[in-house]
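You will see two complexes here that share chain A, one where it goes with chain B and one where it goes with chain C.
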Partner chain A sequence: MAASVLIACGLNEQKLPGFVHISEESNVDGSFLISCILGQRLRISNAGTLLVCLQHHYQHYFNAGMRLGYNSNIFLGKTLNVIDVLSDMARQGLNSKWLRSPNGLTLTEQLAEDIRAQLANNYANRSSYTILIDNLSILFNLGASKLQVQQFCQALADLAKEHENLTVITKLSNSDIHQLTDNNVAKLGHVRIQVLRLKSGVFREVDGKLLIERVLDEGRYACEESRKEVLYKVNDRNVKIFNPGEIGVKV
Partner chain B sequence: MLSNLIVTNQKVVLIIDQLNRERIALRFIDSLLHEQGESDEVKSLPIGTQLKHVASFETLLNECSNSSNNNNNISKTNSTEPITKSGCNIILPTLADLLCYQTPAYIFDFLNRLRRSEHVRRVFLWASPQYLQHPDADYILAGCEYLAELVLRLETDTTLSLITRKPGGGVSNKRFTCQVSKTEFQVTPLTDATDASASAAALKIQDDGVPASDPGGTFKIELDEDEVVARNALTLPYERINEATEGNIIYTPDADDDFDDEDPDEDLLI
Partner chain C sequence: MTSFRKRTVQKPIRGTRTSPHTAQVITSSGNPSLDVILGGGLPIGSICLIEEDRFMTHAKVLAKYFLAEGVLSKQEIFLGSLDDLPAEMLRRLPKPLTDEEVELEQRQEQLASEQPADKNGLRIAFRYGDLPLVNSEQAGHKIGHHFNLMEHMDSMMLYYAQTTVWDDSYKEHDIVVQEDNISNSSNSLDQTATIVADASPAAVDATPPPAAAGENASTVAVDVEIEADAESTAVISSSNNNNNNNDNNTASTTPGTTIAMPATQPPPPPPPPAAAVAPPTAVAPPPPAPSAMEPHFFYNPRYGRLLNDVQQLLRDESFVPGTNTQQKNLCRVCLTSLGSPLWYDDHFAGDLLKFLTILRASVRSCTAVCFITMPMHLIAKYDTSLVPKIRQLVDYSIELESFAGSERETHPAFKEYSGLLHLHKMSALNTLAVHMPETTDLAFKLRRKKFVIEKLHLPPELQETSEKSAAADIMATPNCGSIVSGNSNVSMDF
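Right, the complex of A and B next:
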């Protein structure tokens, strides 16, 4: 259902790079990538996954997964763990720990603590572990500063360096105003996937463009990088991928 | 090589990267020092979340003074060996990373302490404007430029500029072309490149017989083919007067003229 998009992004392997960042341009939605990656990680036996829900609550990812052909509830509490910030806030209101900063911790510090706790409980039992965070820009809406978000991502990158089989996947909607934060998060990893809108406007057969940048080798004075561009279309039950120029207006 | 220009007597070196090389910043600087045989005494701060601890900064300063004292003791015991270099080279984390954990005031203070320390030979700081998200990033970068004695600006993939401030007060600003590969960074002064293009132009004149444009001239003296044709086609006012072949006097009488048809000199029998 979503294998082609993962192959195009180079995320179909069992072992993923330590840090992967998805940049989302204004007016496009890259949430389908999170659902695709989640499905792929859940299919690998004994691979642990931690989903940090910031943009949508867990039920959204479950519904999206059902459409893409997997049932995330089967794995919930086993190989899948969830930090559902939105649902917690909805249930507990102002008493939620995400809103009242217990122990003097900021929102991002609290989130980092929870992620570390989940990692400590589950990492040792799993062959590999993936942390999926969707979406960092919601932290701005919840009151975090740009500096706090950058420090939070730096802490995640340090975790990925400390643990050999750990992958951190972040997504950030830069909304054309968080470009600098976006750059700073992207430089922590070797793979950056940019979800871009079509420059020419709206087209019913293509939703947007994926620009996949991968650092192949870091030299002493220059990096060897690969750049790949594909077009995508999110359908009801799958995601289609096209090469640029493959699809066009039929006269 | 770039390292010949960067690893000099200037103590504070600022590298402003307008490209996208921030991720290899530390390796880049380390390679420059390695090329100049100064990779032995290199110290750097821990990167990442460790930068939030002020103690890391103090430890670095202490390490510098300790290692410098040890070197002095060793050189005193081996007094036959000449003392050539003192102090250590310090590679700071990138300015974006520093600003992520410390205030600009603390960074400037620390930079100043390193600059004044006699145990420090050189300090390297890397700044990429496209990664600086501090609201006053422009001022902070300008402040770093003010403190630096050597400012390398990586402008494009093929050009860079180098501002050097000498202790006597002299300032030089030179531009270079560069060729970068993964393992080499070759530079050529831009003036040499101009000379080379001038000699190439001279060769072209010899080969084609048509003068090429002079790259060093202020004015454009040579004409191209179209301009020569246009110039030849143009008739200037003084040339129009010369066009007349006979010396006829053309007189157009006014309305009030009393024109006599008879020859007034008829009776003279000329």
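Right, the complex of A and C next:
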């Protein structure tokens, strides 16, 4: 269902890189990537996953997962843990801890605290652990500054370095607007996936473009990088990948 | 032990159905052609943003359709606006058409489309004679209702509608009390905000005096002392929850508000006769205590007040998903001209984004749909980067580009249309793939009785060469999705 897109991004392996950043341009929807990665992580036995829902409710990921052929509810509370910020805000309204910062912690500090608590509870029992954050631009909307978001991502990257087999995957929407933060966060890891729209407009058979940048070897003076560009089409129950030039206008 | 399990089929919410394409519960936006573009209707929990045209005429029409559909489907309605008078807007909702009227109208339209060809003496070539007529109007199978924009909805329908309006009544410090002459009043929406004190039916009208004048109602000015902290006050919102909230007609004044009632209270009027079209006094539920209400999250307290009212309404158990109660219902939240200059202050951008983020969280987690209109051309002038940020926070973003006031208004290529419709965002909510309409080159026309969205067709041949070249100048180059991408020089990616 989603194997082709994961292979294209190099995320189909059991052991993932420590920090992966997904940049999403304005006017393009890359949330299918999160659903694909989530499904892949849940299928690995004894691999823990923490999903931080900022963009959608957990229910959205469940429904999208069902389309991709996995039932995330089976894993919920076992290998899958969820921090559903959006649901909490809906329940508590303006009294939600994410909006009030009751302990004097900022939104990002509070979130980092909760992630650390989840990690402390679950990491030891799991063969590997993945933290999925969808997405960082909501933190900006809720009043976090660039510095706070940057520090939050830095703290997550440090966690990934401290813990073996821990992967942090972040997503940032409107990357063309938050360009500085986007580049800085991407520098924290070795894999960056850019979800770009087609500059020539809308095409029925292709939704957009994935630009995958991977640092292969970071030497003292030179850095070896690989860049790969593929086209994608999100269908109702799968995601198709095309190489540039493979698909064209049929007359 | 048998594997037989009794199948429990959940009763669908009024005015909703399950989409056969996405298996999502959807509801009509009120306009059949807009429903077709959205893939059948608005999914429950979604936010639809209409980017207003410069003169704000067409976006309001769509908002009225949205509200009228809610009234007809007996759904709960929340209408909030700073620019418009919500009560006035509700009073001017379009009249629903019966099935016979819809059929008759369609037949007349078909006849009208066939007539001009005969008059001109033009005949269709025999090979094309048997082909069905091309209908470019975006209308599919029947969902929702049809409305007539020329006539207003019957006041009896509005009487039974469950509506809550918000116009930030606290902007007025002097509130006018209107003695409600219920037996003489002919419209349930004459009172926009009502406070009943000590079971006496004195009503507080928060609308400006001109709107409240007339209708055989004597008005008495009452001093209202509002505490200095404006944030701690709550919004008086009118509510016509007549059907099931009769026992809620009790006193509810805001904590910071003191109403000095005149010493000589008029006796309570007799109960209205059954035939009288007048609302029983209904009051919005009392707001929470000031300390718990607004923890100063917004710089502009209006956002907090609006959000509190919306969230308070959405917390009702009839909107909680998954519950199997008999009173399961859908809430339609409509906010018109959000982000207009009346909302401006020093922290406008930050507050608006915060508001939309929390509103999105609230709407997603209950059985509600939200319809927002925004003057995006003004917001773009305020801050260009705000536009994509706002679009990211909604599920559907549709721009109405009206020809009024532009050179396209008189251009022969567009003489059939009132404007262009741009689809900026269609998001996949609770699913993987997004629904895309057959074409994204769409135009709308405001006819006498209805608002229609059609595929954009240029006339077969323009008369003069100069006109043709002018049309070519105005229209974007015929790249695929030319409406979406303004850059015509870019080569194709595939």
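Here is the rule we go by: the second predicted complex is superposed on the first by the 250 of 251 C-alpha atoms of A that agree within 3 Å, B and C clash if a C-alpha of one lies under 4 Å from a C-alpha of the other, contacts with A are read in each partner's own complex, and residues count from 1 in each chain.
By definition in this document, contacts are C-beta pairs under 8 Å (C-beta built on N, C-alpha and C of every residue); 3 or more make two chains touch, one makes a residue touch a chain.
Remember, predicted model here, so these are calculated numbers, not experimental data.
Placing chain B and chain C on a common chain A by superposition gives a fit, with no clash between them. When the shared chain is aligned, no partner comes close enough to touch A:Ser72: not chain B, not chain C. Of the two partner chains placed around the shared chain by superposition, chain C is the only one that A:Asn141 touches, whereas chain B remains out of contact. Applying the stated contact rule after C-alpha superposition, one finds that A:Phe203 touches chain C and leaves chain B untouched.
In the superposed model, A:Val215 makes contact with chain B only, not with chain C. Between the C-alpha centres of chain B and chain C, as viewed from that of chain A, the superposed structures give an angle of 110°, to the nearest 10.
Judged by the touch definition given at the top, the superposed model places A:Gln151 against chain B, while chain C stays out of reach. Counted by residues of chain A touched, the larger count belongs to C, out of chain B and chain C.
Residue contacts after overlaying the shared chain place A:Ile177 against chain C, while chain B stays out of touching range.
In the superposed model, A:Gln118 makes contact with neither chain B nor chain C. Superposition on the common chain A brings chain B within a closest Cα-Cα distance of 16 Å of chain C.
The intersection of chain A residues touching chain B with those touching chain C, taken from the two complexes, is empty. Touching chain A in their complex are the following residues of chain B: 21-24, 27-28, 31, 48-49, 52, 96, 100-101, 130-133, 180-185. Chain A contributes residues 26-27, 29, 31-32, 35, 56-57, 59-60, 63-64, 67-68, 86-87, 89-91, 93-95, 99-100, 137-138, 140-143, 173-174, 176-177, 198-206, 209, 231, 234-237, 239, 242, 244-245, 247-249 to its touches with chain C in the complex. Every residue of chain A that touches chain B in the complex is listed here, in rising order: 146-147, 150-151, 154-155, 157-158, 161, 180-181, 183-184, 187, 215, 217-224.
Against chain A, the residues of chain C that register as touching in their complex are 22, 292-295, 297, 304, 307-308, 311, 350, 353-354, 356-358, 360-362, 364-366, 385, 388-389, 391-393, 424-425, 427-434, 436, 440, 479-482, 484-485, 487, 490-494.
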